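A, B, C, D, E and F label the chains in the order they appear, each numbered from 1.
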Amino acid sequence: MTTTLTDENRRKLRRVSTATLTTALFKRGFRNQFIQDVRPLAPLNESVVGEAFTLRYIPAREDLDKLSAFEGTSHPQRRAIEDCPPGHVMVIDSRKDPRAASAGGILVSRLMQRGVAGIVTDGGFRDSPEIAEMGFPAYHNRPSAPTNLIRHHALDINAPIACGDVAVYPGDIVVGDSEGVCIIPAHLANEIAPEAYEQTAYEDFVAERVRGGQGIFGLYPANDETKAAFAQWRPGWS
Amino acid sequence: MTTTLTDENRRKLRRVSTATLTTALFKRGFRNQFIQDVRPLAPLNESVVGEAFTLRYIPAREDLDKLSAFEGTSHPQRRAIEDCPPGHVMVIDSRKDPRAASAGGILVSRLMQRGVAGIVTDGGFRDSPEIAEMGFPAYHNRPSAPTNLIRHHALDINAPIACGDVAVYPGDIVVGDSEGVCIIPAHLANEIAPEAYEQTAYEDFVAERVRGGQGIFGLYPANDETKAAFAQWRPGWS
Amino acid sequence: MTTTLTDENRRKLRRVSTATLTTALFKRGFRNQFIQDVRPLAPLNESVVGEAFTLRYIPAREDLDKLSAFEGTSHPQRRAIEDCPPGHVMVIDSRKDPRAASAGGILVSRLMQRGVAGIVTDGGFRDSPEIAEMGFPAYHNRPSAPTNLIRHHALDINAPIACGDVAVYPGDIVVGDSEGVCIIPAHLANEIAPEAYEQTAYEDFVAERVRGGQGIFGLYPANDETKAAFAQWRPGWS
Amino acid sequence: MTTTLTDENRRKLRRVSTATLTTALFKRGFRNQFIQDVRPLAPLNESVVGEAFTLRYIPAREDLDKLSAFEGTSHPQRRAIEDCPPGHVMVIDSRKDPRAASAGGILVSRLMQRGVAGIVTDGGFRDSPEIAEMGFPAYHNRPSAPTNLIRHHALDINAPIACGDVAVYPGDIVVGDSEGVCIIPAHLANEIAPEAYEQTAYEDFVAERVRGGQGIFGLYPANDETKAAFAQWRPGWS
Amino acid sequence: MTTTLTDENRRKLRRVSTATLTTALFKRGFRNQFIQDVRPLAPLNESVVGEAFTLRYIPAREDLDKLSAFEGTSHPQRRAIEDCPPGHVMVIDSRKDPRAASAGGILVSRLMQRGVAGIVTDGGFRDSPEIAEMGFPAYHNRPSAPTNLIRHHALDINAPIACGDVAVYPGDIVVGDSEGVCIIPAHLANEIAPEAYEQTAYEDFVAERVRGGQGIFGLYPANDETKAAFAQWRPGWS
Amino acid sequence: MTTTLTDENRRKLRRVSTATLTTALFKRGFRNQFIQDVRPLAPLNESVVGEAFTLRYIPAREDLDKLSAFEGTSHPQRRAIEDCPPGHVMVIDSRKDPRAASAGGILVSRLMQRGVAGIVTDGGFRDSPEIAEMGFPAYHNRPSAPTNLIRHHALDINAPIACGDVAVYPGDIVVGDSEGVCIIPAHLANEIAPEAYEQTAYEDFVAERVRGGQGIFGLYPANDETKAAFAQWRPGWS
């Protein structure tokens, strides 16, 4: 049922903002695809785009969540870091609880080395100042130094999750910009990417007109005259 | 690794309060086994006791969560209602979101008919006035009329979940009284039940003494003299 | 554009629960018509039904909101109490702030004397124990003794408002039961009332069947066999 | 600087509601004397009145807050229970954190035996169903089974505290009714008590008039005619 | 009743911080004129000053708030963008809900072109990275990509509103700096501006003294000796 | 019972992150030593380290908390600013309430002049843009212009307090970095400092290896081979 995102559409989505995407999704009846209350640790130059690879945490329990849990190769958090496919975005369900870290600098650095596209949690990262300097797209609620095990027990890899009040299914297309993160249901990504790309062209046109002094009526949204003007302007945009 | 709760211990736990259980768990290092911010729809005469049978919700998505989802026999919420074993307690992870219902009167009535022991959600129930009159142990955050599908998508049956900031593993022993709900890790239930039962005897003794005018020093906790007095008193309690 | 609610439909809505109404509204695409986080001060025997008559508060300002503001006949809170038409429900936008009262026992008693059907605030009432004993449908977030002027400045009478995160337009049909309050857009009330009434009949049928031991598959929602059985049962219900 | 509350005024305050008191305090410039978001475990027949005797908690620390801390006679929580003077109201600063108990049934029972007038916390009580049946004025945010030591470290006895966002100084007059709890600064209690008592008489008069069909303009607040009518009615009230 | 802010006072207020203004207002009994929990999208070099021009949102309703609502010239959000007078500050009541945008980059750019002085919402802006780079004073709670219509229905233009728990009346003087936004009731602005300007001079003097090693006693607040020293220092400040 | 932090260990802690410290504390059973939801006003180059010197606020009361309270030399806030020993960190219990300022630019500047090491509040600072430019370690929840007296009454100097849900005892070692603030119980600081310093060396080694392409299994945590490699690498680190 899922269609693979084409390279062309992946490229187009990198030019598109999450704001534009929420409108395209709203047109199709989706009202809740923007992850609430997360922010990038550093601004991005272009949008990050990738398939969702998920990790689910439940609350920690004192007899299970000790430092020894990280030994070996089976702890789901560590496993996920090594298994997340390149080009994907890791999305973590931390139950909106930033009181202990979802992950830290070493794990995020490893993800970056492995070619993963980005990481999102509705909790918080530790070592957040280092992560902010890595040039790697990372989103959280707020910095959180306490070690993961104090609050979180890693459980499921790549199951459907909640993140920031949004449903995230593995394979959904995650798009993040300097504003935040939007989730495109997998089967809609190839349909929405070119539409949102064209809308981005239009909004650049509008922004140019507004800076030139034009009012918004008839411009945003467009009337017929504006549509014609845009058709003339469009070829120069890419 | 899990030991089955014996009938004797199940009987004992029905006499025990969640307050007494949290202390027994704290002695063993557990600080977070009381489900936060849920309450019974009606007071209970004795504690409800049963194995946890869990249901997990993630946020709804408009294209998946339509009324037609309830048709057939595969919707996980409906499936769970018919599959929850008698004597168990259904525990629902509603992500602490009571803005739409976790379940309603008809489903709760069905659980009751099937011999299920109780139901707990960290969201809310609809038809809450009817549920309150059923004489069935039910716990939620607050009443919530909106239909389940508006906010929730039922996903996993009997996987480990979060409920009210507590980790709940299938088979854990759920104990609820008029105060709230406590989760006993499965492997500790047979150890804790007799200890908490004896502590209940002791607290009844203390309560009697306090009502008789005795001060709390030396009584609560007990000094040697008090321990001796209790030893004499104890046989009359059951 | 608004159709007056017929007497027949008003009568029918008194038999209908807010839970049933949210489903009828959800079928039509409305996801947000249940006022969040308010509760009745006392349980109701049948649903209260009436047209919304609104009052809007903004935050108080110390130079404007003194006790002398209540003198005369122009203070909008006092004005609204005397002007709310019989049979209507007063709905107050208190910005979800229960730290000072939205109204108190004397004003609520006056509303009751005047034949008003009920009162709803997303803040709190003072004199709440007395209001609870009046037998008058009243809904709030929690009791709040501090006088209105400490936090609230009454402004608009009968303008569209927010109440508990729901849009309320004057003339919308307010339905409240022991669970909470649902807002039916005015133009839909005559359409929804008979449908919800019939759904109530069906749910009573289902409840009877479930109490008799029947499972929910095929029953809720109904398959063809169940629909036929209900058709036979229906004439005995009213 | 503090004046002792006279017996006559103590008696008068038992007839007065917290709503009436907040207005008397507001007249004198006090906007924040009602403890926010606490409620009585059981309704009261008349207001509880007593001097504040305070207890302050800070967050627990694992090496200090073990069960053994309750042994001996020096733990501040236990000390406070035995030291709170009869007729006073114990007020606990639990930092608005109900995730672990502020106190439980045995300690509250001991307070009651000792003639203490009531207890207030901005956290929660454990054994709340038993406390609710004691007939002892007790106020909290919500029930909380977990033992005190999990979250709270008892520190100061009878120092100024915060409770529910209100400043409480030892010796302030605490008045609680079925609605909640109001704090009267100690030096104002003898001034406010008779004034609030008379206002209560007036509000009973108004309530009677409103039930008889009179409108609120000129009645609440009173114009000269109403003042005269009240002067005639007043002698029959006590 | 409103006095127009003089050019001289407007110039003076640009040198004044919101911190200094809240103190001047507190002296006059105002405790609640700082908009809570909003922040500038980019730091400001001098304070923004302008008359409040308001916009009020209520919650969206699915049948009214569709993308087609933006067509034509009557949608209140679009209308307000074109109607807000140059030099004024647009202040939006978004009910403290940042889950959908209050406005976006194109509309804010248009405001800037039109000579409007700034924009404030207690919700969030979309296209926030672009807005941050415009050099236009803009304040919100947090970035929010989802289109306005998902949560908000624009209703009133230039009516009194709540913004961040503060009452804002059209024509009030809005002052914003890198810390946040303060609302000066219109009739007080010409009185407060010169006083706050002089206080700013004094605080610059104090800051210089503190950097030079002087202690705060006698300096802040000033004793007579300090007042004399300041009188000598003052002429060099502007 | 408190051991003085040695100069060597103070130096070592300046190289250590709060993330590393929370793990060292967790090993010893401490789960709650990171101050929740505060952030530095400006990033730090190395960690700030100092003994806690505390200040406690309770809610303001209108008759006590007037601007005249700041006159003289006895106001506890002003007193604390002059009395906090050089090298210490002032930690303020503002009850997590940032609606009025905990302190402002002049007082913070004075602390800096006096050689105090830093300041932490779980409320907010006014003049926050100036404080951010001082190069002085300062942590708060969010900027807050309103003058201290509107919400806060300064009470205790150097008593145990709550700050951001953490217990802070005078003399505890406060360590802050660009991520946040961690509290080390005084008696553990000399034990934890060298351990955390060595762990920092190890994490630098790990980070280097991860940037070089090594996976995390066997590396973090270390297996025997990795331990040997680190032993060889360690001498080059300082």
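Here, contacts are C-beta pairs under 8 Å (C-beta built on N, C-alpha and C of every residue); 3 or more make two chains touch, one makes a residue touch a chain.
This structure is a prediction, so every number in the text was calculated from the model and none was measured.
Contacts with chain B and chain E are shared by A, C. Compared with chain C, the chain whose C-alpha mean position is the greatest distance off is F.
Looking at which of C-E and A-E shares more C-beta pairs in contact, the answer is the pair A-E.
With centres defined as mean CA coordinates, chain F is found 50 Å away from chain C.
Centre to centre, using the average C-alpha position, chain A and chain F are separated by 32 Å. Shared contact sites, meaning residues of chain B that touch two or more other chains, fall at 31. An unclassified topology is adopted by the chain contact network, corresponding to no line, ring, star or complete arrangement.
The residues of chain E lying in touch with chain F in their complex are 17-19, 21-23, 26-27, 31, 34, 36-37, 39, 43, 177-180, 182, 203, 206-207, 210-211, 213, 215-217, 220-221. Of all residues in chain C, those touching chain E in their complex are 29-32, 58-63, 95, 97, 153, 155-156, 159-162, 165-167, 185.
Residues 67, 70-73, 78, 81-82, 99, 101, 104-107, 109-110, 113, 126-129, 142-147, 149-150 of chain F are the ones touching chain E in the complex.
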